[in-house]
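Across the two complexes that follow, chain A remains constant while its partner is chain B and subsequently chain C.
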Partner chain A sequence: MAVKQRIRRSMIFLNTQRAALVKDAFVYHPDCVIFDLEDAVAENEKDSARIQLYQTLKQLDYQGVERWVRVNALDSDLINEDIRAAVAGGAEGIRLPKTETAAEVKAAAQKIEAAEKEFGRTVGQTMLMAALESPLGIMNAYEIATADDRMMGIALSAGDYTRTMHAKRTVAGTELFGARSQMLIAARAAGVMAFDTVYTDTDNEEGFKEELRLIKNMGFDGKSCINPKQIGITHEIFNPSEQEIQHAEHVMEAVQDSKDNGVGVLTVDGKMVDIAWVEGAERTLKLAKAAGIYEGELV
Partner chain B sequence: MINSVGRDIPDEYLKNGVEPFQGIYYRDGYTYPKAAPKVSAYVKPTGDKMIASIRGAIIASGLKDGMTISFHHHLRDGDYVVNMVMKEIHQLGIKDLTVCASSLGKAHSYLVPCIEDGTVTGISTSGIRDEIGEVVSEGKLKNPAVIRSHGGRARAIEDGTVKIDVAFIGASTSDAFGNASGKGGQSDTGVLAYADGDAKYANKVVVITDTIVDVPNFPASIKGVDVDYVVKVDSIGDPTKIATGALRLTTDTRELDMAKEVAKCMYYSGYFKDGFSFQTGAGGPSLATTTFLKQYMEQDHITCGWAMGGVTEPIVNLFNEGYIKTVLDDQSFDLAAVASANEGRHFEISASQYANPFNKGAFVNQLNFVILGALEIDTDFNVNVVQGSNGVLRGAPGGHPDTAAGADVSIIVAPLIRSRMPTVRDQVTSVTTPGESIDVVVTDYGVAVNPKRQDLLKAFRQTNIALKSIEELRDLAYQYTGKPAPVEFDDQVVALVEYRDGTIIDTIRKPKSLN
Partner chain C sequence: MKITTQAVAGTVESSDAQVMISPSQSDLKIDLDSSVYDQYGQHIIALVKETLKDLDVEGGEVKIIDKGALDCTIKARLQTAVYRAIGKKSDLPWEVL
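And now, the complex of A and B:
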């Protein structure tokens, strides 16, 4: 069943054409995998990749790792079969590439619903995520995010976006600042999750960490990955630190104390705190629990 | 007769005191006289050991049909010595020789025509690969090859199972009296550990070098008092294939994850204490384990007392940084190891000191940890490192059975599946190392602990180590590969796998696919 809110720090793209890659990517312990039928797959291998997708979804136990499928673009003649294979195999979600309008999301949702009916799946069980890859997509982010109940999140895809913006990719990522901010605001307003674009310089661990720190602080929920070695690093940065967990625990305990004692002012670690912090503390502990690094009972 | 790992050993190989394998410590306390060499004394001070050619040395040594000759493999894939010697022997028409080598591989391909025409009719070795592995698997060697571990080879030489008539020892440097070393020449090997027993127990000893140095060539791995002849040749090997540059540490996430899990098993085993000892192999995950060990040592403010084995740059780095106090070296794998060998507390040890079960306590007995690879592992934890899943000889026990038997915690690290073949399976093609001596199996899909090690199971259950039973690992592998159909073999036995104590643990037959 669709679980809209869950831990999704890492989403790794897997070329579905490659059996050796898709057979057991769960050993890297990502939160989600994205079986790619789109850009990674050669034009003359689209059919075989789709068959492999179906068999992988049907036959292999992915041990709780969420399975997404990046289908080919809505205007291609491949998407109908892509969606049918993904739904028939029982993928948890479909990632729609190059999304620019709410109408596209609605069109994809209709195709998914038809496939769910065709293959006896529960209608509505297959989630949707939209990749925003153009200025228009970014401008329409909120409408896209709210276009259908299936929407779990929106994701930035920087390659095409940067090109159409006439921008240059920089290490600091200043050229993406507007897009990242705007889509995050849209995602939060729509109540869906937000995912950042891939980091392509797979050998630059420090640069990758810098980018992760940036997007985590901005508020992103997770990162698209292209190499298994990025998964552990992504989790390391996204996981709350021991200090953050302790502070969150203190906040939660202080809330309880103030309720028990009828004290209106919250004091945590010797400092007064705003009641608005409670939500953040709860989120920190939930994330820590989902990541397996917090075993307490406060959430 | 069925031995204690369930393998049927034909009676014809159980003669003259040879017994089937009966447990890893079956021969504890065994008493025997050591085999002494026949020595021709150099009494006159004018004696000259230098001989102008390899052919001259072969003739001088009195090598005849039916004798046994020996080689070491410190020159690894760059070795010229074996082929140079065998070509001369071949041309001299000497037949029916047994070659006792510490390992054989692609550099020794001249043995192939020698096997095919009966120049060589017997082989005993700790490694058998490439063309030689194929020709022996095809049944072209007259007598079954004997596969021995490094410790087993040292034992067989010392207890007289093997009597070496002439040892040919390639050495990086030598003086005119045969004091020889793995350092200071054009083709450095670092140490000459596997040749120690050959020099001490062979009736005739020939040192072959490309670099003659002044007397005395000390410290000497091979002592001149054990050497009959010294031959200078243009080159004993290709330096680029002897000690390679730094073995690149793996960047493969799967291998790194397995290495992390190995280090975690070591850390939580109860044996990870100040002064601990360990040995790792040179394979991807084994080598990478050192990185994670360093992190645990830093975290707990402890150091390693000694590391042993085939020595590699990561070990040398930890040694130079003070994380490892002493290195015991029986083989230098890379340039860093060669440079460090016999400097400071980086000591050369002989194969016997390393692993011989029949001396008065080899270093393997004092190991806390060993990390080893495997081609196949069965649900009784038996390991095969010699025979490919197609039945062809393509591996080396090396020190595998020795260290597994000696170490407090022996850890196998291997991917669960290799190219559609399951590593963990119902039965191994042949047993190299008995499951009795294997404690932990680390794969990319989880970690299995031998049920006889309840202490480790209890300790690991308190951690996030992904524990699975060995049967669960097998089932996971079979989920992908299916159950492999057994390889079909002819009746012809092409090799005997001797356990380190001289008992027979398995036989290897000719695969039908090679007919």
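And now, the complex of A and C:
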């Protein structure tokens, strides 16, 4: 069953061509894995990776880690078989690369539905996520995010985006600021989740943490990862701190008290808050609970 | 299904298996070289026979170099080699693989 809203702090790409990478990636406890059939797989190994994908989905217990499949592009002659294998194997979702229009999402959704019917799956159980990798994709982010009921989220893919923008990658990520902002606004308006691009300098832990803090503060739900050592760091930054959890608890309790007493504005931990803060506090506690660091009963 | 051409799938990387399948006039012949032969050799051979039977492969020569692959990988590499040998890359019968 499709679960559109859940904890998805980390999504690690796995090259499905390589048996060693897909056999036990769940031991690193990512929230999601993305079995890659696209860029990471050599052209002459697409068939092999696809069969490895199917057998992995069918036979390995990923212990609650959500399993996504990055299929080949819509204009390739590979996507139909990619989707058939992924749906037959029971993947929770399909990540569509290089998405630029709502029509592409609809076309992918039709292929998924056909596969669900062919393999006796419940129609609608396979979710969709669209990767935005070009200026046009970013411009159409809202239409893409709302193109089909299967849409769980949209994700930025900075490599192709930077190239097509004639920009240079910088440590600070200045060149991505517009894309990140625009896609986040689109995701929130559409009610889907938003995921940031990979951080490729796997040896630069401080730089990675800085980028994670930036995207968390902007409002992203999670980060695409390329190395298992990035998973723990991602969770550490995305998890609410003890102080944030306590403050959220205080807000929830105080708002409840104020409702009981008919008061609209109140003070919590020395700051004025109103009813609008409840949603944020609730989200903090839900995230903390899903991450296993909050056991209270307020959410 | 008759194997008419030679085909290879997989690698000799750790946790993988390389499978070579070739045409043969005789019945099925399996040659297994495994880093875990003592513990799992018979299990792997049984898995290979069962997988080939499910694909209706009646004869052929199968050489496997196993580097500690899981069953799902051995099965996947074997299926890939068979489909490559018959030149089929799409419209696979996933529900029975």
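Keep this in mind: the second predicted complex is superposed on the first by the 299 of 299 C-alpha atoms of A that agree within 3 Å, B and C clash if a C-alpha of one lies under 4 Å from a C-alpha of the other, contacts with A are read in each partner's own complex, and residues count from 1 in each chain.
Just so it is clear, contacts are C-beta pairs under 8 Å (C-beta built on N, C-alpha and C of every residue); 3 or more make two chains touch, one makes a residue touch a chain.
Bear in mind the structure is a predicted one, so any value in this text is a computation, not a measurement.
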Applying the touch criterion given at the start, work out whether A:76 contacts chain B, chain C, both or neither, answering first, second, both or neither.
neither
Which superposed partner A:23 touches (first chain B, second chain C, both, neither):
both
Taking the superposition as given, does A:101 touch the first partner, chain B, the second, chain C, both, or neither?
neither
Is the number of chain A residues in contact higher for chain B or for chain C?
C
For A:56, using the defined touch cut-off, is the partner it touches chain B, chain C, both, or neither? Pick first, second, both or neither.
second
Where does A:125 make contact in the superposed view: on chain B (first), on chain C (second), on both, or on neither?
neither
Quick one: is A:85 in contact with chain B, with chain C, with both, or with neither? Answer first, second, both or neither.
second
In the superposed arrangement, does A:146 touch chain B (first), chain C (second), both or neither?
neither
Starting from the residues of chain A touching chain B, keep only those that also touch chain C in the other complex, and list them.
23
Chain C to chain A touching residues, read off their complex:
9-11, 13-17, 69-73, 75-77, 79-80, 83-84, 89-92, 94-95, 97
Under the stated contact criterion, what part of chain A meets chain B in this complex?
23-24, 27-28, 61, 227-229, 231-232, 292
Under the definition above, what is the set of chain A residues touching chain C in their complex?
18-20, 23, 46-48, 51-52, 54-56, 58-60, 80-81, 84-85, 88-89, 119-120
Chain A partner contacts - residues on chain B that touch it in the complex
251, 253-254, 256-257, 444-445, 464, 479-480
